[in-house]
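Scroll down for the structure; my scribbles are underneath it.
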Amino acid sequence: MVDSIFLSLSVLTIGSAIAALEIRSLIYGSIALMITLSGIAGFFLLLDAPFVAMFQLSVYVGSIAVLILFTVMLVRRELIFNKIEDPRRRYAGIGLMLIIMLGIGTIIIGSGLKSVETDAPSVDYKKIGEDFLTYYSPALIVMALILTSSVIGALALARREDVTSDQRTD
Amino acid sequence: MTTQLPPGFELEKVDDRIMTLNVGPQHPGSGHMRLIIKVDGDYIVSCDPDPGYVHRGEEKMAEYRNYIQNIPHLERPVIHDSSNILYPYCLAVEDLLGIEVPERAKYVRVIASELNRCIYTLYWLAIYGIFLGHSTMFMWSAGDRELFIDLLEAMSGARVTHAFLVPGGVRNDLPANFEERCLRQVNYFEKRLREYEDIFYQNPLLKARTEDTGILSRTDAIRLGTTGSVLRASGVDFDIRKKEPYDVYENLDFDTVVMKEGDSYARSRVPYLEMFESCRIIKDALRKMPKSGSVRTKLKPNPKGGNDEVYRRIESGRGALGYYIVSNNRPEPYRVKISVGSFRNLICIPYLLKGEKLGNMPAVYWSLNYWPVEADR
Amino acid sequence: MSTAVGIIKALNSGVKHLAVKRFTLRYPEQKLKFVGDGFQFNPEAGVGIAGLRGRHILYHEHCTGCQLCAVACEGIAEAIGMVKVNETWKQNKKAIMPQIDYGKCVFCGLCVDACPFYALYMTNDYELSSFTKSALIYTPGQLAIKPKMSQDVEIKIDDRGASHG
Amino acid sequence: MSTIAPEFRLSRFIASLFDIIFWILLIFSLVGLPIVFIILFYIKLPLINGQLLTPYLAMTWLADPSRSVPIIKSFIHTTFFKVAVFPGFGFAALLAAATIFIERKFLAKMQLRVGPLYCGKIEGILQLMGDGLKLMSKEIIIPAKADKPIFWIGPLLFVGTAGAFVSLIPVAPGWVVANPNVGLLAVFATIGFFPIIAVLSAWAANSKWTFIGGLRALHQMISFEIPLILSLLSIVILSGTLNLSQIVESQKHYWWIVFTPISAIVFFITIIAELERIPFDLPEAESEIVAGWLTEFSGMMYGLIQLGTYLKLYAFAGLFTVLFLGGWNGPMVWPPFPEDIVTHGITIGPVTAKFPGLPLFDQEMLNGTLWFVIKTAGVILLILLPRGVFPRIRIDMLLHNGWYKWIGLAFVNIFIALGLLYAGVLGPGGLIH
Amino acid sequence: MTNGLIDFVLVSVALLAIGIYGLSVKRNAIRMLFAVEMIVNSANLNLVAFARFIPNSQGQTLALFSIAVAASEVAVGLALVIVAYRMYKNIDIADFRSLKG
């Protein structure tokens, strides 16, 4: 059954997820997103996966949130506080959201997942390392390539073309 | 950039990236002045120095006071170098009034001037340390400066604003056993100065910070009319003490320090090496000085200058420092114009800072051996 | 490599100075020793006698009330004013003597140069702070008092560095 | 005219003291005591030597020392004590305060001056307290166009994150606030928060200087996090665990700095950069950008940032000790507690008093704390040293060094560690075979 | 474990729904990236939750992969946003329609 920590974590996560999309200022939106991602890390801790939780914290909060904040601060100040949306699309979106929630929710509640409980001991994080180096080693290499290429791509995209190296005028 | 544009001209096309920074009077990285700096990212696109914050109108004030009363006023612009800023005034007024200075007074003046040059240079070096974030550089220089302040206090009776040099000599004779004291402290200071080498001038971080930044070429240095250590750091061998010697400098044994690089490092190293030369001059002057004799020619009360004009200049801590005095048969001068080294070196700032990184701003700016109050007068 | 050597040299130089003597003067306990009793002037020879330019001392028996000191100060700091005193001196018929406002004085000492009667000298007293501006105005009576100073610290130089011993 | 305080009278001062005491007692007995009893009714009280700790029992420690010892002993093993006092915040804050004092005197000695002198009679030892009082009594000024919520919460978050970081450092065997299995990863996750706080509070202050400083802090911290993480990987490879306590235990015989000196150097340089100390104090470079991202902070907000910075300094120095210098390991110098006091009690004249809880701290803990503090103090001194010797470097030089030199050097020691491992010199347990 | 699998799955469904709402309604490019992050995170939560209840380590491994990919995706996405912002001085998706070669 749910306990108080789980309940407060889920309220925090979902509440800040809504806030991230709906709050007017993009900076506050980024902070709310940060709280959502930290809440997910909290869920990972509840699920006895501290390795993934810490990884989540250092990747999402340590780098992605910084990237997002950085991008937001690059944008003009009017745009940060500007909210552009269409009311009709908004109602349609809320409807879609409710349909997904209710639909998948009823399916899940009706399914056999409800009775899944476990008392098995949690998996040691050393097992993950073994996985990485044995069964998933090709995937790890591919992942490294993807990361490298994406970083290079991002740098190439965001590079400023009009900077001339000879800034000095003697 | 193909054509040479004045600073700030090409800003139209990149307007949204430009940030204007007022490195203003209240900023710890400026003196009593303002640099209006436009940065594009970390690069400085234009820099507009804006002196005038401490303008006191010393030149105008000098027209309402007689030649003796001007003395405490005219040393105010650079109180750290107050003997040197009075030196050309005294020379000019002596020319104007036709006074002969006793031989001993000339040596005493040279000693006071060189001691004060060391005080000024150490103060400047201390501020350079603060500008580079090197707090030890500040504390050591400020502490060793105390040695010279002590000597000048024994000589003149005041620690900072000496009012020691007057037309016709100096205010008072040297105190008893000043020579031994001076020699002892100057020798100790030379030892201390050699210890600066390891921690400041050979420090790889300081070198990396100042080398190849703000390069002023030889031709530019002459074209822009810089003086003093800035000019000598760009490879121009020009020192008024050598080229047009005044008082007894022609009898004394010293060299001019010249460096070829013309970067911030050279500009900061030339004054340091000149301090060694100053110590040499002091020791030589102490040796060659007449042991007794008058130090001040007695003036008439309230002397009047003739219908004449005169220009005299000396080498101060910041470069050439000249006085142009016009007199019209009255006890007060008709016009006093002070030509200072700081204001001339200030011209370089837009040229040197353009295209530099923002982090180089303090290193380049203060290496110009510049004193904001003197530029304003 | 030279960078590493330079860094090690700089560190070594810094660490070596941990053992060097402090230069700091601990002011209220220690006071610097000055040359002589203060700046004095010999009007006959036209030169001064070296000494600290601190607060003035006025010899009432020499002062003639000639106002030369006030005239000299007029263009500099306007700190000296002449006031009436309740004393009768043979040489001072007008019974006026200088009164000095140390809130304005710049301690240039040109008033001492101007005095031809050996009446106005300067002393070694430089501790003149007060709570009010009016307390900084020294009357001729106050100026006549000779200050008691205990200043005995000098710069000492030995092989462990200079210090105010 | 300056105003002068009214004349001090001792009798009036004592009367006012009595007045204050009277009102405090009155309010406490009318409001405080009922609240205390209501709280005591609801909370679960611990069992001490088989007895429930009632308020009455708690009061008896005033009279009977033999009862007080077990109560204190049960208290010092609570989580609250660990978080607030010993391995956690209080201990770290004490060391941080000592660091500030030592930094001032040490720097002063190097710069041929005396440092704080008059405050507190002995070499100005109370100077920090004076500064703290000054900061507390100063007005907190918030810029008119600042984003107030973020601006207010910035210093608090900074101290909070620094406290979280401190709580991960093991001081003695078993004396650590939080001991997760993935301790080192938790450290990485925690230090990832600092740049965000810096850049957010810099943005919130709405000033150009803070903004440039915040961006510099961001660049510097992000670029130096990578060599930091890489330099610690060799330790993880050698010890085979991420748990900080286990890493310390694995260094019983050899400190890891013996095998990973390059990592240690890289880690040392990166912690100076992470701490924004000279020569890497670019985010606060006062001659270029006033005070960087701290420009608009005033009063106790600035004080909190400084507290957080020094807590961070302690935590990084402790981390260096834990990872490279063997943590609490060291020869036993603390004498063991006398056995007969535990068994027979203390006899003073005719009275024999038995203290059931003695000793309060075991020998290992005291010894471990001693060694840990000595080593950490040494590391802190080394961190303070460059401030007197080096000037500040430039941001592009810093980033160039971070991305090219230190990352490359950090890789070197990983390969050395792997080589040692595969050559069979070292096992994952940390022992030489 | 006091919490059942279904609790985590429901939270993840809620997060997914919010993400889809954001993707469909918002026209701000950065906010759409937020929504994408939420969807990715709901998937990660599911992976780890199922892995905990099977129990199995491979769910966590996959979640780690997914986090890393999401990180690179955000980096590229934000770079695209910056490029688009430079071209159009706006971050409205509707303005990016004329993006061609």
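Which chain is which? They are A, B, C, D and E, in the order written, and residues in each are numbered from 1.
The working rule: a residue touches a chain if its C-beta (ideal position, glycine included) is under 8 Å from a C-beta of that chain, and two chains touch if they have at least 3 such contacts.
Keep in mind that what you see is a predicted model, and the values were worked out from it rather than measured.
Asks: With chain A excluded and the rest untouched, write the groups of chains still joined, or say one piece.
Replies: Leaving out chain A in thought, the network of contacts falls apart into B, C, D | E.
Asks: Which chains touch each other through the most C-beta pairs?
Replies: A-E
Asks: Computing the C-alpha centre of each chain, which chain sits at the greatest distance from chain C?
Replies: Measuring from the centre of chain C, the most distant chain centre belongs to E.
Asks: Quick one: most central chain, C-alpha centroids?
Replies: That would be D.
Asks: Report the inter-centroid distance (CA atoms only) between chain D and chain E in whole Å.
Replies: Inter-chain centre distance comes to 37 Å.
Asks: Round to the nearest whole Å and give the separation of the Cα centres of chain A and chain B.
Replies: Taking the mean C-alpha position of each chain, the two centres sit 60 Å apart.
Asks: List the centre-to-centre spacing of chain C and chain E in whole Å, with centres computed as mean CA coordinates.
Replies: 76
Asks: So what's the Cα centroid distance for chain B and chain C, whole Å?
Replies: Result: the chain centres lie 26 Å from each other.
Asks: Could you list which residues of chain D touch at least two other chains?
Replies: 110-113, 388-390 - these are the residues of chain D that touch more than one other chain.
Asks: Provide the list of chain C residues touching at least two other chains, using ranges where the numbers run on.
Replies: 7, 10, 13-14, 17, 23-24 - these are the residues of chain C that touch more than one other chain.
Asks: Find every residue in chain A that makes contact with two or more other chains and list them.
Replies: In chain A, 51, 55, 63, 70, 76, 125 touch at least two other chains.
Asks: Per the contact definition, I'd like the list of chain C residues that touch chain D in the complex.
Replies: Against chain D, the touching part of chain C is residues 7, 10-11, 13-15, 17-18, 20-24, 26, 131-132, 161.
Asks: If you look only at chain D, which of its residues touch chain B in the complex?
Replies: 107, 110-113, 208, 212, 278-279, 281-282, 285-290, 387-397
Asks: Under the stated contact criterion, what part of chain D meets chain C in this complex?
Replies: 1-2, 4, 106, 109-114, 117, 385-386, 388-390
Asks: Which of the residues in chain B come into contact with chain C in the complex?
Replies: Contacts found on chain B: 64-66, 68-69, 71-73, 136, 143-144, 146-147, 150, 153-158, 161, 163, 169, 171-176, 184-185, 188, 195, 198-199, 202-205, 207, 294-299.
Asks: Would you tell me which residues of chain A are touching chain D in their complex?
Replies: So the residues of chain A in touch with chain D come to 27, 31, 34, 50-51, 54-55, 57-58, 61-63, 65-66, 69-70, 73, 125.
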